[in-house]
Amino acid sequence: MITDRLLNLDDFERAARTALDDARWAYLAGGAGRDDGVRHNEAALRRWKLRPRPLNGVADPDTGADVLGFPSTLPVLLAPTSPLRLFHPEAELPVSRAANRAGVLPIVSNDSHHSLTDIAEQGPFWFQLYCYGSRDDVTRTIRLAESLDARALVVTVDNSHPSRRLAMLRAGFATPPEVRFGIHRESGFSDGWVPPDTRLPRWPLTWEQLDFIQERTGLPVVVKGVLHPADAAELVARGVSAVIVSNHGGRQLDDTVAAIDTLPAIVAAAAGRIPVLMDGGIRSGADVIKALALGATAVCIGRPYVWGLAADGEDGVFRVIDVLRQELLDVARQLGVSSLRDVPTDLVVRTATEITVDEEWRCSA
Amino acid sequence: MITDRLLNLDDFERAARTALDDARWAYLAGGAGRDDGVRHNEAALRRWKLRPRPLNGVADPDTGADVLGFPSTLPVLLAPTSPLRLFHPEAELPVSRAANRAGVLPIVSNDSHHSLTDIAEQGPFWFQLYCYGSRDDVTRTIRLAESLDARALVVTVDNSHPSRRLAMLRAGFATPPEVRFGIHRESGFSDGWVPPDTRLPRWPLTWEQLDFIQERTGLPVVVKGVLHPADAAELVARGVSAVIVSNHGGRQLDDTVAAIDTLPAIVAAAAGRIPVLMDGGIRSGADVIKALALGATAVCIGRPYVWGLAADGEDGVFRVIDVLRQELLDVARQLGVSSLRDVPTDLVVRTATEITVDEEWRCSA
Amino acid sequence: MITDRLLNLDDFERAARTALDDARWAYLAGGAGRDDGVRHNEAALRRWKLRPRPLNGVADPDTGADVLGFPSTLPVLLAPTSPLRLFHPEAELPVSRAANRAGVLPIVSNDSHHSLTDIAEQGPFWFQLYCYGSRDDVTRTIRLAESLDARALVVTVDNSHPSRRLAMLRAGFATPPEVRFGIHRESGFSDGWVPPDTRLPRWPLTWEQLDFIQERTGLPVVVKGVLHPADAAELVARGVSAVIVSNHGGRQLDDTVAAIDTLPAIVAAAAGRIPVLMDGGIRSGADVIKALALGATAVCIGRPYVWGLAADGEDGVFRVIDVLRQELLDVARQLGVSSLRDVPTDLVVRTATEITVDEEWRCSA
Amino acid sequence: MITDRLLNLDDFERAARTALDDARWAYLAGGAGRDDGVRHNEAALRRWKLRPRPLNGVADPDTGADVLGFPSTLPVLLAPTSPLRLFHPEAELPVSRAANRAGVLPIVSNDSHHSLTDIAEQGPFWFQLYCYGSRDDVTRTIRLAESLDARALVVTVDNSHPSRRLAMLRAGFATPPEVRFGIHRESGFSDGWVPPDTRLPRWPLTWEQLDFIQERTGLPVVVKGVLHPADAAELVARGVSAVIVSNHGGRQLDDTVAAIDTLPAIVAAAAGRIPVLMDGGIRSGADVIKALALGATAVCIGRPYVWGLAADGEDGVFRVIDVLRQELLDVARQLGVSSLRDVPTDLVVRTATEITVDEEWRCSA
């Protein structure tokens, strides 16, 4: 398997860069504007440092997580990404298979290539809703997800409007013709074809639309794209089941606060009443643990598993998750954390010192 | 139109660099001393980050602004710059036309190439006064502006003395002979010709001179070049109509505080009694919104529209404003801001993390 | 002697880089993950600055230190490192000889190539215990150290589990066949041979195992690998003789806090009841004094003396210690510190300013 | 005059680099250890930013300063540097001539090439004492300075011990044979010749030696090399006339706090009872004003005037001072400071933002 020599997620990134043409790469790697936000998510995570307690003597840490009742083998979910047909001919199927094999949940995007029926067959999943068309259209999509036993409905609130993705535009990216929208077709919203360079209009996701969605479904509603603590407090009050702190991987607005840096304020606002998840910039097991220590119940990864998909299909996705698992086991042991369900906050501190890059030569062989 | 492929203001900067010879470029881009101040204005803006509230559900934000009674389509003005003949044969005319077309105010410099009559024909404007010659000379210039219906008199207080513009000197810049001073001629101050390498003496703009100007005119007086909160407080007490926080784009003193970083203290000193505007380093819609969130009523842009002018004349200037408009619409929607007249302060936070530039390869296609 | 032209420890580093093949270099220089932790230890030290008091008038500072009763000529020990056979055919012997010649203590790793008998002949030492095999195996190893008059038993608690050393893996490092484990053989634990790429399992070093070790020995027990103040407080309560603040030179976990930055909190937790030692990133006499001012009794150096060993055997190690001695004498004189046993805390301050590297050209001849 | 095209002190630095061989350059530019301290002095100054008050309306600022009674045309002195024969055949003479021409004080080093009689003929000066030989030797040197009307006795306390100047050693610097020590000969301490690579032993400058010097002389005693506020307080108590905050330009200890950053604490400790001077890293008029705003009475420059000397002899030194004068006039006008004798502290603020160097291309023509 080609991914055997890939030792950390940076390696998968490089492998994906090689596997993809410039336009697809720009679509995947880039974000809004000057891509500052993309880099800032990662840079902010590096500023948080760990303070191990090795004498706790943990040989066999429990990496499992309770993700709204789902017994995940890791506190990690696969963030919704689309269109995955860009990166693999089978699009979502190998992703869901790998997730199932690894015992983690994929969040299936409403904009998937395959029908939800086909994807749901691969294993348990959360469904991420984008609101297209009439209220009836949306209701039918929700029903479809319910009927296929989605474990939760993820409502992404930070992507109602198109954004200014300059890296993508500069690279001349256009959705290629082989990309289809299988769930659109299955829910009866459209024939599943969208002309290149077209973005289907979505509802701006307001408090009222959220109420409508909450009324229409018995599924747990998870709101993705929360950065402001006041929004978190209001969402708790309105009875959502969880929130995902996220700036959409820097793809919507170039200048937002890093997800990890706003996480503590959101956790405080949630006040323990609902789980808080987080995504954006997670590139290692240490990153995952930093988020857990700061109060997250679990994190999502976006680009990293797509690197795996582009590099080696289902095996690539599985290996990405597996690298994270190995790293998490390692970090938990070194830290003396016996269960990822309970990572003490005093294991992280924030530092003012930055690594200067000019010294990299020294450790490279 | 050549500017169609230019997606953000950085692109216009690159286009202008190509269009201009080294000496003109140095005059435009450079500042005082080592140019630290020029870069610092922009770097400081990047440190402020945004915290969106998307569920506010704003589809169609109002970008309009009340700029001392003028219904601007954007909270943006074109800062006074001179001599524009360096960058376009028609100098100020395409700038004022583009501003009028876009529904924003240009601030016309006293050192314009064309007569104020010719410029005023292009649309509404503010007039920026430099004090040359006798009190009568200045009074005649004020009368000229009043007679042509200037909406406000901008008194620039930070440019009374020549500054040490090293980049310009090193590039061997000298004012070329085709540059004229049309307003000087029209006001009767001079024949409108200034020998190369000559700087006409201006009055040091003191509190007393400001009193004199305020007595001479019924126009609203706007003071440009305020950085110290104590000056702002005194200006409020003396009844000026507005202040512009500015370090003259880093062109007067290399080591000043960044405009955005001193803005909050000035806003506090103004205590809501007069509007506070700001310029220096604004390069995107996000930058504009950061200034608004920190209390500015509007911002001015200097170099960016000159890039448009140098790259493509009136259309270039129009496109620069239009890019900002699109960015502002985008940012306002993503932030959940329904009107730029009211941007809550809690949408911005300051961060300690810096982007390391060595990672730029990753997002470039 | 080839090391005569080597003026500071950076020079020894470069000399060692030249002397070693890529794989050995990666093993020595690299750490866990992306090597951020390795660089961070050094970068953090550079942020602390000194505030001399030259008028104290110290011509001949006392550099001696009482290291748990051992009269060291310097507040410096040689950290345990293994396998030293990688860097010199005689492995530990020249290290212990040089330490003895210089009047400092080497900490002999349990994973040494030579028998402890052979090493102990070179001079006084501390013994660093890794726990392999049965309780009887460990007890026999402790007895061996006691019988050879080890002055203390160093229990390394941060290396119970293998870590993810990517630089080493990427360089294709494998333990070469000439490496043996002489103390394993001598204590009767094994025949002293470990197949390449094998890591012998060690006990996870828990509080209970520590109790077991403390019960088994009359030697002072020193715990190495403490980063969390709560652990330090607990270790004091359990009666250990000293702690070494250390993140194992960044080799176990890539994202830990820098040793120097967590030192003050550990010193506070120890509350003067036991000595606190520290290692990680010490590269100069000034670094040593910073640690002493922040409350350390002594520091250990790891990589620096291995650079000396690789460059020039016993003489190289001696010279590295001697450079530190000269630097310490120099820094103490400049600071006005008459004895390294008592370095006032107010001689160090922390700065926010970083050196920009692009200016290096100026001072290089 | 070749220095006409040199616009700021950076330009003089480049000119000197060209004029000097590698060894002399290393001696001049380098410092102790890794030269971090040299760069840190300058970097720290860049972090302080100015907040102008232009409406104060200052056309013709008074740049004069009262330097212990000497009516200096600028709040600038020439720091003692030696041996100047390295940089010009006439050594100190052109320096003292240029200082006199410019109306500022040179501080003449005890290690000068010429006799103090010859130097004193060029104009008023301060004498900087190093203590060599017996108490009688030192007393004779003090008498010599008094007889030649030195205005003050500068006692350098931070250079009693040789330091580890690695840049100099690496460049193979050795004092060339043409260097003589004219004041040593004149005072009768020696024949004025010192073998290359020899450093004459000096007294460690203790409180007691300082008492001795104070008793021996009626001249004002100025102590150079103060960084710790406790030392400043003690010096005030002992009745010295002034202190110079200095880390000897980074030449004695690589890791000291930057002079500008410790200045405020020293000023507080001096409590207005004696003037506080400062040197280290001053490279522009703005740097001078920052020091004045933070409480300094005057600053010294070291390397900058030596650049002038190396580039163009007396004219070069004069031009360096003149550039500073032009910059000071400019900065004072822009700031609205009417007299450098009184620079308000609220004109400076400290910033956390750093300039990223990669953007330099933009302003260079």
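Think of it as A, B, C and D in the order they're written, each chain with its own count starting at 1.
In this text, a residue touches a chain if its C-beta (ideal position, glycine included) is under 8 Å from a C-beta of that chain, and two chains touch if they have at least 3 such contacts.
Keep in mind that what you see is a predicted model, and the values were worked out from it rather than measured.
Colleague: Quick check: superposing subunit B onto subunit D on C-alpha atoms, how many degrees is the rotation, to the nearest 5?
Modeller: Rotation angle between the two copies comes out at 90 degrees.
Colleague: With touch defined as above, tell me whether subunit A and subunit B contact each other through largely the same residue numbers, more than half shared, or through different ones.
Modeller: different
Colleague: Would you identify the chain whose Cα-based centre sits farthest away from the centre of subunit A?
Modeller: Of all the other chains, the one whose centre lies farthest from subunit A is D.
Colleague: Rounded to the nearest whole Å, what is the centre-to-centre distance of subunit A and subunit C, using the mean of the C-alpha atoms as each centre?
Modeller: Centres of subunit A and subunit C (C-alpha means) sit 41 Å apart.
Colleague: As a quick test, compute the distance in whole Å between the mean CA positions of subunit A and subunit D.
Modeller: Between these chains, centre-to-centre, one finds 58 Å.
Colleague: So which bits of subunit B are touching at least two other chains?
Modeller: 352, 354
Colleague: Name the shape of the chain contact graph, picking from line, ring, star, complete and other.
Modeller: Shape of the chain contacts: a ring, since each chain touches exactly two and the loop closes.
Colleague: On the basis of the stated criterion, which chains touch which? Give every pair.
Modeller: Going through each pair of chains, those in contact are A-B, A-C, B-D, C-D.
Colleague: Can you list the residues on subunit A that touch subunit B in the complex?
Modeller: Within the complex, subunit A touches subunit B at residues 13, 17, 22-23, 25-26, 29-31, 33-36, 38-40, 42-44, 47, 157-158, 160-164, 166-167, 169-171, 204-210, 225, 227-228, 230-231, 234, 247, 252-258, 261-262, 352, 354, 357.
Colleague: Across the complex, what residues on subunit A touch subunit C?
Modeller: Residues 7-8, 10, 46, 48-59, 284, 286, 290, 326-327, 330-331, 333-335, 346-347, 349, 351-356, 358-360, 362-365 of subunit A touch subunit C in their complex.
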